[in-house]
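Please go over the structures that come below.
Two complexes come next, and they have one chain in common, chain A, joined by chain B in the first and chain C in the second.
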Partner chain A sequence: MIQKKICLLGASGVGKTSLIKQYVEGIFSEKYLTSIGVKIDKKLVVCEDDSVQLMLWDIEGIDRYCGFQPKYIRGASALIIVVDHTRSQSLVEGIEIFRLARDVSDIPAILVINKSDLNTAWHWSDEELLDLSRPFSHTFRTSAKTGENVEQLFSVLAQHLLSEAGR
Partner chain B sequence: MSSQGSNNEHEQELQLHALRQIMFGKNNQHLCDALRKNAKEIVSDVFSEALKDRQDKDGSVKKVMAPLVDKSVEYSVTNRKEQFVGYLYPIVGSVVRKSVTAFLSEFIERTNQLLENSLTIKGITWRIRARQAGVPYANYVASQTFNYRVEQVFLIHRETGLLLRNVSYNQQYSEDADLMSSMLTAINDFVSDSFKPNIDGLEQTLSIVKTDDFTLVLKAGPSAVLVAAVTGNMPQKIADQLQLTIEELHSLYEKQLLEFEGDAAPFADCDQQLTDCLVSELKETVKQKKSKPWMAWSILLFITFGLSYYAYKLWLVQDYVQRIQAINKQPGVMLVQLERNGIQQIKLDVLRDPSATPINQWLSEHNVPEKIISLTEKSYLSLEPQIVQERVNAVAAQFAGITVVEKDESIGLIGKLNPKQFNELNLALSKLPGLTNIQNIIEDVEIVEASRPEQVSIDNSAGINALIQLKIGQINSTAIEFTIDSIELSPQAQEKLSAVTAQAKSLLRLASKVRLDVNFLLMGASDSKGSQSYNEMLSVKRAQAVKDVIQNNGIPADKLNAIGIGVIDLPAAGNGTRKVLFNVITTQASQQ
Partner chain C sequence: MNISLFKTLGIVNCCIFKRVSIGSYEIVYAENEWIDILLPHARDENKFIAPCGSPFLDDFIAQAEEFWELAHNGRIESGIWSETIDEQELKLNAYATSDDNDFYLIIDNIMEQYDRRQKTLQSARELLLSNDKIVAQQEYIHQRLDELLSQSSTLKDMQQPITEVIEKTEVGVAILSPNLKPVSQNPALYSIFDTHLASVKTEPYELILELFEKQYPEFERVISTGSRWSGELFWLQPPNSEKWLKLAVYPVKTDFQKITHWVFIISDISQVKHLLQNNEKLTHYDALTAIPNRQYFWMQLEQSVNNAVPFYLLYLDIKNFKRINEVHGHSRGDKIIKELVERIAPHVSNGDMFARIGGGEFAIIRQKTVTQQQCIDLGNILIDVATQPFYLPNGAHCEVGLNIGAASFPRDADDAETLMKFADLAVFNAKKLEKSSVQFYSQKLKDASQRIIELESALQTAIANHEFELFLQPMLDLTSGTILKAEALLRWNRFDSERIGPDEFIPIAEQTGLIIPIGKWVISKACEMISTLNHRGHSCKLSVNLSPRQVGDRNLLTFIQTEIRNHHIQPNQLELELTEGVLVDNYDRVQFLLTEVRKLGVSVSIDDFGTGYSSLSYLKKLPIDHIKIDRSFVQDLVDDENDRAIIMAIIAMAHSLKLNVIAEGVETELQRDFLQLNHCNLAQGYLFSRPLPFMEFCEYLSNLTNQTLIDQSGHDLK
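For the complex of A and B:
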């Protein structure tokens, strides 16, 4: 078994905590609570003949008032940038966070477009989106509420990490 | 010129080759043959040294030998099993014994600890307090027993915050060690991010975190952080030890730390170093507990003292019981029941004549404390001579004119009384139970006339008459018994006759005072055996015999009339009819 540190980043309210809660505990709550600082969860993912323990760092929402703290992503093996397709600004901020993170680390990053249970309400076209998601290793459309693609997101990530570790 | 020189060299080479072939043979055959003959000696001389040198040089001997040894052992185990078991048996036996002994001693120690913690008052109190404080019992015990204890040690990869290894006293702590490692790292990140770098330009890092239950001590190296969770008052030496350990781990695992990619397996061997950090120190009281069990000793002493005191009390009470037995010999006292009641009390039931010594007085004379006696006393009349004597003494004390004197084996009264007093004395004595020989006692009391006889006679006549009636009654109730066909007087009969004579004398004296004529009728009788005439004669003889005695004792013959009344035919009376009965006949004398 290997352990890997994974950081979830994104603007406030895009659903980082809900994604982890859905993934780790299988629960979704409509209640919104702002995360302060960092909350850490763990989940053991068993692949065919190996396993990886993900240490999921749920980092508080980043916006213009609360700056990006590069120390938290130190030593991480992958980044998950979460955006909300009902808010255009969240993608702008997500791309900005990704850019800032790239300055300090070149670890792989996954773009997660969350709240897929709701209708799209941003002005980005699919082409533009494809263009923006190019630097990311993978892009997922997920719903923390229905659980859509959540399991898949993390299992793809786990497999990626195991293959990277040469296992 | 030069081509000539080269031709020469070539020729020399050929010659030399030919010479070598002659000396060493084709392909050094001669040389090899010569060496082969002594190969064993040559190799055996240097074999061990060569192996060692090669092993030191590149360690390849071990690699080559290991599979060989494995195969050899496998072969031996498969083919020569019994011999192999023979080799291993002593070793395995001792190892198993050692292991079983260790298990047993640990088991006993644990059981003892469990008993101590569960069944003692201290253990129960601790359980209650732990519940009140809301902490697990084991933690509470640790906090009460140890000055400090390192509960858990984490080795954390500094960059990723991932747990490399952890050891703890208590398995329950280990479950979320990886989460705690990450959180600690996050907090450390927060601290270094929130505060300015120190004067050396280095990041601020946590070194100690205190919670209600724990002190977390962090020692950071370049690649890893060592964290110890300590309960109690942490001494500086723990921080020092952690520092040494993290330095040692860095030097041992430098490469693994730098190349860490999430696989903690290479750090499995550092348990020993981490376990060395799980130090603790017992509290003084706990340390001393085993050497000086004061509590146990005091309880033992208390019990011994208590038992001795109980035994002493018991002995004391038993001694009193023995002493009180003697009360039974006291005249006028009869012991009914005497027994120990508990360890402090004695139950004493007695019957006591009112004239006898009071029980309380007797107890205090014999040094028996009254408070331990639970006394039940009932009165009775004793006929013991001492008590009767006491009664006489008491009566005599009421009369000023008389004193008590020793007389034969009994007592008598001596002195002078007027007739009234004499009557009173006589009455008082006659009321005394157990007193049969009143006449003997008072025969030496002289009756003197009072100075005013008129008045006295008036006053006395009634008393004297009463006394006369008493005497008459006593004499009338006297009967002298005889054996079959006999007129012999037995000693008892003689004694009775003396008493009757004394009474008769006294009666005559009293009668003369009130001018009363007194005559005594002595009636002889016999049983119905034999002829009537013989029996009549026998009854007369018996009456005559009695008369003779009384007459000899000093009663005038003219006052005595002996008659025989023959047979009293009462078969049921048996011997009761062979007797002489008395009857007093009184007649008022003429006034002259």
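For the complex of A and C:
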């Protein structure tokens, strides 16, 4: 079994903690509780006859109160950039965070557009989104609330990591 | 290490380890039981070995080892992390210290600080998210409605899609006609004002207009100039209803800048205000910059008026702040605002008030009796500090400008509201200028702005009313004496027979965006004229001027292609003229556009050369055919040795870059002779002809052709 560090990054309030909670514990809370610092959760993903232990680094939302900390992505195998499709600004910030992360590491990154259970309320067109998501290895529309695409996100990631490790 | 000192100082909720070798750490101080959760055997063995099982701590220890290897005195910090082990939760922060080859790892339990920090950040982020969400919802609704309302279909056709957009949103929406009569109001708007569709005495849109007009002196200017606006309204409905509302006002305009609708978008922000009011400081101070906010500013402004001591009110507006937010994101926009405040604050005198009164708007009340000149001096200092570059975290930088409007109490107005209205009008005028400036309110300025509003309105219908005309000014080949091309110059004859100079109406057209349809009319008309000239047997190229805004128009290239095709003319009969400023400000866009038009076969010339700030490298890199020496150099060349030297240098440089040179403003034979002697290629000016209406230009060409024929036959006879 291999072990891989995955960092979840994004603006505050986009649902990084909720995504991990849904994936690891299968639960969701409507109440917003801001994260501080880092919390690491583990999850073993079994893919056919192999498995990978994901170390999921839930990193405090990046905003005016907390800047981007390159040290946290040291040794990571992949990044998950989470944005919220009810807030245009979270995509601008997510892309900026991705750019900052790219300055220090070229590991694969996945764009996650979260809160798909809520109505879209941003002005990005599908073409613009396609353009913005080009540098990402995958893009998922997820809902931490309903669980939509959450399992699939981590499963695709795990398969990608296993194939990268030549297994 | 003095453990008793730690205890005395109360620094006891930490554990300290000394690094004995790589990956091995001996306990120095570990009195707290919580360390057993994180490092279960450490206290029994008096040490622990990395990796210890905590992924975060192991990661930090790896960083710490690198730090210790360097053996620099100092410390590094891990940052806060949470550990949940066997359902027990720890909030920790670790440090690695190095002191003269003594290396320590300190793990701090910060549970108490964590709770405090989380409480503060929780409300701060809730506020941030609420604000963000409101802005996003309003922008989204605006964008959807703008798309729908800009379509030229009838209101009846649009009713269904508009209803779909606004019916279900929780944001209040009122769509009004240009004269502010209701077209559509959504259910959320009625519910914000606690009114019911069936039984309303005052319609919600009327309430909004009433509140906006009463609470903001800007109302009149926003409506009369068709401007965008956003701000907060307070609605009090005794005995028990009061609400804070965020209002965004957007005009929907046609390409000709004619208002077709007003969209008013309103959100209830009472909850956000309530959160703010929990913190007394935040009710009077801006959360981002910590300087007084709009409410506090108004209190102070009214107080200053009551004191009846003369003062100046300065209204500061960051140039194109919306664009900065769009390009760099709101978080960087926030950083720029904070830094700008830090730059401005030291220049504000004690006793004066400096407040943030809007997103990118600030005000200063200069309490002490000062002269207008002192206000100008202050304004210029503020512009100077604001226009210094702002460095962004990614190493890039951006520059902002500052528009400043000023009004004087009691000279201009003796009440707070009118004073604010006049300062707003002054800043609105400053916005119209390309460069940052300080503008003072005056009757003249008020009249001028009324004139601008009137011209703006008249420009919207000028094309439809056939009020524009293209005059042509010939350019003479100084070697052959023939007319090879002419510059197309726009003239505006208003229906009341007033002739408006291009210096007056072009900046208005540029500012309002009307330059796009007007510029297209010019290109189309020039192509039509070329076609007519071809039919009359004259081969003459026409050059048209491109403004900065046209260069940014993504449809321009296709439009030029279509016009050339539709008029069956050769692309090399058309030339585009750009000023140096356009090159510098939009380099990437200009490079793309010029490369593409050159591929078509259209030639390019640089107008007013020598007056801007062209870098020679632009001339080398960009696909350019001609440069036009500015008339100011030609004007004095007979008397001014420097101008002669400059002209000679420009000609030499242009020729070495294989560019042709055109001299503008040639009025005397002496000027022509000098230019001819120095191998200037073409000349344009009153010596040869003033700009002519098209028919006169055709006659001019015919006469010139006849004259040439007569000269040639005369010569032959000789």
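Quick note on the criterion: the second predicted complex is superposed on the first by the 167 of 167 C-alpha atoms of A that agree within 3 Å, B and C clash if a C-alpha of one lies under 4 Å from a C-alpha of the other, contacts with A are read in each partner's own complex, and residues count from 1 in each chain.
In this section, a residue touches a chain if its C-beta (ideal position, glycine included) is under 8 Å from a C-beta of that chain, and two chains touch if they have at least 3 such contacts.
Note that the structure is a prediction, hence the values are computed from the model and not measured.
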{"item": "Simultaneous placement of chain C and chain B on chain A, clash or fit", "value": "clash"}
{"item": "Partner chain in contact with A:I40 - chain B first, chain C second, else both or neither", "value": "both"}
{"item": "Which of chain B and chain C A:Q69 touches, first, second, both or neither", "value": "both"}
{"item": "Of chain C and chain B, partner touching more chain A residues", "value": "C"}
{"item": "Touched partner set for A:I2, first chain B, second chain C, both or neither", "value": "first"}
{"item": "First, second, both or neither for A:S88, with chain B first and chain C second", "value": "second"}
{"item": "Which superposed partner A:Q53 touches (first chain B, second chain C, both, neither)", "value": "first"}
{"item": "Which of chain B and chain C A:S77 touches, first, second, both or neither", "value": "first"}
{"item": "Residue range of chain B overlapping chain C upon superposition on chain A, of 43-51, 187-195, 295-303 or 475-483", "value": "187-195"}
{"item": "Contact residues common to both interfaces of chain A (with chain B and with chain C)", "value": "5, 37-38, 40, 42, 55, 69, 71-72, 74-75"}
{"item": "In the complex, chain A residues that touch chain B", "value": "1-5, 37-38, 40-42, 52-53, 55, 57, 69, 71-72, 74-77, 161, 165"}
{"item": "Chain A-touching residues of chain C, taken from the complex the two chains share", "value": "55-56, 59, 62-63, 79-82, 84, 91, 93, 114, 117-118, 121-122, 124-126, 128-129, 132-133, 135-137, 139-140, 143, 168, 288, 329-332, 334-335, 393-394"}
{"item": "Residues of chain B that touch chain A when the two form their complex", "value": "157-163, 178-179, 182-183, 186, 189-190, 192-193, 261-264"}
{"item": "Contact footprint of chain C on chain A as seen in their complex", "value": "5, 12-13, 32-34, 36-40, 42, 55, 61, 63-65, 67, 69, 71-72, 74-75, 86-90, 92-93, 96, 99-100, 103, 119, 121-123"}
